[in-house]
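There are two complexes below, and they share chain A, which is joined by chain B in the first and by chain C in the second.
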Partner chain A sequence: MNKTLKWSNIYLVVVFAILYAPIVYLMVYSFNSGGTMHSFEGFTLEWYSEVFSDTRLLIIVLNTFVIALLSAAISTILGVIGALAIRHVRRRHSRNALMSFNNVLIVSPDVIIGASFLILFTMIGIRLGFTSVLLSHIAFSVPIVVLMVLPKLQEMSPSLIDAARDLGASSFDVLTKVVLPFIKPGIFAGFFMALTYSLDDFAVTFFVTGNGFSTLSVEIYSRARQGVSLSINALSTLLFLFTIVLVIGYYFINRRNSRPAAKEGGR
Partner chain B sequence: MVNRTRNLYLVPYITWIALFVVAPIVLIVYYSFFDVEGQFTLGNYVKFFTPVYMKMTLSSFWYALLITVFSLLVAYPTAYLLTRTKHKQLWLLLIILPSWINLLLKAYAFIGLFGTYGFANAVLEMVGIGTQQILFTDFSFIFVSVYIFIPFMVLPIYNALEELNPSLVYASRDLGASSWTTFRRVIFPLTIDGVKAGCQAVFIPALSLFMITRLIAGNRVITLGTAIEQHFLVTQDWGMGATIAVFLIIAMAIIMILTGNRR
Partner chain C sequence: MKQLIRTFSIVFLVAFALMYLTSYLNKSQGYSGGNTLTIYNWGDYIDPELIEQFEEESGMKVIYQTFDSNEAMMTKIAQGGTTFDVSVPSEYAISKMKEEDLLLPIDHAKLPNLKHIDDRFLDLSFDPDNRYSIPYFWGTVGIVFNPELLDGWQLTSWNDLWDPRLRNQILLVDGAREVMGFGLNSLHYSLNDTNEEHLQEAKRKLGELTPNVKAIVGDEIKMLLAGEEAAVGVVWSGDASEIMDENDKLDYVVPEEGSNLWFDNMVIPKTARNIDGAHAFINFMLDPEHAAQNAEYVGYSTPNKDALALLPEEISGDTRFYPEDAVTEKLEVYDNLGKRMLSHYNELFLEFKMHKK
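Right, the complex of A and B next:
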């Protein structure tokens, strides 16, 4: 018994080591004065100062965040509306059809989403750049928000709405004072997921960026193709720390929101 | 009144579906009937069935299959062992955390790890095997892909294992089944939905990987995804790219049907 426990621990340790090795590797070499990703020569912050003095890169970082925040906000609104729409549809058939359409973009490979959006934007006549990237990020984030919000809506008992109506609430009041507060955890989860999807996306963005516009993923790709440069390491370390902060934030929001719900459930 | 609010919600959502779900698919199919000069043709479909493209499709499926199998082999024991740890939620979060880090950065890290003077070669040197060409090989391509997909395989299997009623396992052990028999006859069949979901989440993206083939496999591996990207962004032959995309969509649909849960 003890022996199997030991083996299983070793297995897990190996898996974790492999999962984190590249990340640690990137971070460690971001401090290497040698300028390569092998043979560590000495500690330096040179690469970090290079990142912060690279105006082009900083503009790209800014672009990435603007796109992420805007697309997450807009897709959250659209997604909530979508979830409400799906819930309002009474007929099972139509509801399932809507759900299937909703899931198409989630299961589609990025390459197909990217290529088809490229055709779409060219056909409509939208210039490739900020607008096309923003629109495509909104497009692929909406279904995720719907999937996050819908379970919360289904949890909500219909008598809650009936009660509000009986007490004289208008449709608008019901929405803003009863429904939206109830599904708030789902909305937050959807927003965060949309944010991380947008920050992480490469393939779709790669297809719909024009010449003048770039996001971090696309920029890292083009730099990485030219070979190793430690400013990418420095940048990735900063991004990693940011991701951790985001995840911790998400975790706490989730916990704060789920605690009262758990209490209610236990009653 | 209820009807009106329903329509109010439906309008923006249906517009989104029409514009970003239906229209792109229709456009892909439409474009697959045009050649580079913009003439209507069935030539793209004829071209797809020539040995060059058939070979590419087959190798793409082969690589995706290998990636899925290896991910499963690593992820199943991981998920299983995770369910037995004390702080399993925390460990699960730690497994998923790397999937939140930009894909490009992880691929880039492997350029350093697998490079001629990288960490992997330093280890090989130490054990006495000597420096090998690791980057730009099939091995590195599959390794990095598996690395990237592991969290997506672990998560559904973990969830399936969590739902498994432990008394079924105890019962099987009480009735004299060995650990292996219990696993093969009880645990695995009961978690097959998680395995299917995981395979789905790995196989379809693995068919269409393109940045990893470029960065890690050095253009030696060409998948359907690489070919689509090539046709759309390099040779500008949108028709052929769209044709490959049509077949990828069909393949995807078949996989979804085969691995889908029948309800």
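Right, the complex of A and C next:
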């Protein structure tokens, strides 16, 4: 017993080391005064001050977050409505067909989606920029939200709704007081998935940016030709710490919320 | 339900607050007015101070966007939907864009500083009379080598590559014109040669090179050479200067048999809105002082002869990047060989690559 525990611990350590080593490596070199990733020469905060003095880079970072938050929120709303609608379809065949259409969009390559958006937007005359990036991010996030919400809906017993109706609830009450609270975890999962998808998407965004509007992934990629400057390391370090803070915050909120529920369960 | 509404309200609020902050930053930078100039350039290919200086002098605001390959840039411009006022493609891309009608002619009367450009770099085959493009930077194709790994051997010619001492030591860029080009050059033929016999001869000669070739690679060639994974590499001079920045043991040579001369030129795409601004910017970059400052920052070779005079001796006297006339005379620009000949070159290069295994 003790022995297996040891092995599993070693395994865990190795896995986490592999996962975090590149990030640690990148973070360490963000303090390198040498200017390259080859050898560490000395400690400096020069790259951090460079990040904060580069207004163009800061605007791009803000753009990235605005797009991520807006597209994730909007696509969550659309996705939940879509999942409810799919759930509503009575015939098994048509429901499966709708699900398959949803899944096709998830597995189709980003490059294809990006190229088709580029052609579509230029054809109907939408100028490439904020709107085009937002629209395409919403579009590729909706299927993900649907996929996260549907299982929760299927888990829900129909008798819950019947009971609510028997007690005199209107359709609106059923939706807001029974269905939505039940699928809440799915909604949040969908929202966060959409958020991360939008934050790191390169392939689609690359095609639809333009007119001075750019996101972080596209900017870093085009800088890579000349060798990535260490200020990108500094920026990545800041973003990584920011997400860590978010995750910790999420953890504490969750713990606070789940405590009373555990008491009610009597365990 | 309450929690959902609260969370999403917060998300929207934060998003709009960030949006406000962005537009505030944009405004404080002056990007809001109609008087903007959009430049589409390679990443890190201009001294940022020059952009600020141009903004001060002209009163225009510059929106600077970057691309990483000619092909990506051409796709964006061909699709429309964007308003790039100035772009900087390489010479083969310029002739392609000309064919596809993607460029606006340049009004030389608006470019008084054009007189500073060296005559050698004007009126070339890819753009006669410089109707559509103005030289920005130029360079060569040559050999990067590591004397330390070669016992101090200084390579000087393409034919040195066939030396048995270099067994499994050469990295090549994955470009049909570059590799076929030095094959032809090593036989003292033109790298625009279309004579079938000469081409076959070059291909046979390249076939004999295969034991020496370690790999044919893309952009990672810079990293591999700087990391001393191989002793010799055939690269563009721009890449060479970056490699040498990272590892100063390496050296670069333009082979004596002759080589390719490449250009990155400024053009005005047909999507341009601010055409006067584009001319003003091109003229600004042609000013000798600005061109010299830019050359010092970017590290590529400037075509501006008056800027060259302003550069410190250690840069302008570096014959690796500003070769002497005897070498320059043998340099050739790629002609547009036409689709059929180009695919023939590609085919021969492909056969060479297949022989490698």
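The rule we apply is simple: the second predicted complex is superposed on the first by the 220 of 267 C-alpha atoms of A that agree within 3 Å, B and C clash if a C-alpha of one lies under 4 Å from a C-alpha of the other, contacts with A are read in each partner's own complex, and residues count from 1 in each chain.
Operating definition for what follows: a contact is a pair of C-beta atoms (placed from the backbone, for glycine too) under 8 Å apart; a residue touches a chain by one contact, two chains touch by 3 or more.
Bear in mind the structure is a predicted one, so any value in this text is a computation, not a measurement.
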item: Superposition on chain A - do chain B and chain C clash or fit; value: clash
item: Broader residue contact with chain A after superposition on the shared chain, chain B or chain C; value: B
item: First (chain B), second (chain C), both or neither touched by A:T36; value: both
item: First (chain B), second (chain C), both or neither touched by A:L19; value: first
item: Partner chain in contact with A:V66 - chain B first, chain C second, else both or neither; value: second
item: Touched partner set for A:N211, first chain B, second chain C, both or neither; value: second
item: First, second, both or neither for A:Y221, with chain B first and chain C second; value: both
item: First, second, both or neither for A:T44, with chain B first and chain C second; value: neither
item: Which of chain B and chain C A:L118 touches, first, second, both or neither; value: both
item: Partner chain(s) touched by A:T131 [first = chain B, second = chain C, both, neither]; value: neither
item: Touching partner for A:I187 - first (chain B), second (chain C), both, neither; value: second
item: Clash-bearing segment of chain C, relative to chain B, as chosen among 92-100, 146-154, 182-190 or 218-226; value: 218-226
item: Chain C-contacting residues of chain A that also contact chain B; value: 36, 38, 118-119, 206, 221, 224-225
item: Parts of chain B lying in touch with chain A, wherever the complex brings them together; value: 1-2, 5-6, 9-10, 12-14, 16-17, 19-25, 27-28, 31, 74, 77-78, 81-82, 84-85, 91, 93-95, 97-98, 100-113, 115, 117-119, 122, 147, 150-151, 200, 204-205, 207-208, 210-211, 214-215, 224-225, 228-229, 232-233, 238, 241-242, 245, 248-249, 252, 256
item: Partner chain C, residues of chain A touching it in the complex; value: 36, 38, 55-56, 58-59, 62-63, 65-66, 69-70, 72-73, 76-77, 118-119, 121-122, 126-128, 132, 176-177, 180-181, 184, 187-188, 191, 206, 210-212, 214, 219, 221-227, 229
item: Footprint of chain B on chain A - complex, ascending; value: 8, 11-12, 15-16, 18-23, 25-26, 29, 36-39, 78, 81-82, 84-86, 88-89, 98, 101-102, 104-105, 107-120, 123, 139, 142, 171, 196, 199-200, 202-203, 206-207, 216-217, 220-221, 224-225, 228, 232, 236, 239-240, 243-244, 246-247, 251
item: Residue ranges of chain C touching chain A (in the complex, touch as defined); value: 1, 3-4, 7-8, 11-12, 14-15, 18-19, 21-22, 25-26, 28-29, 31, 36, 38, 42-45, 63-68, 72, 76, 79-83, 219, 222, 226, 242, 246
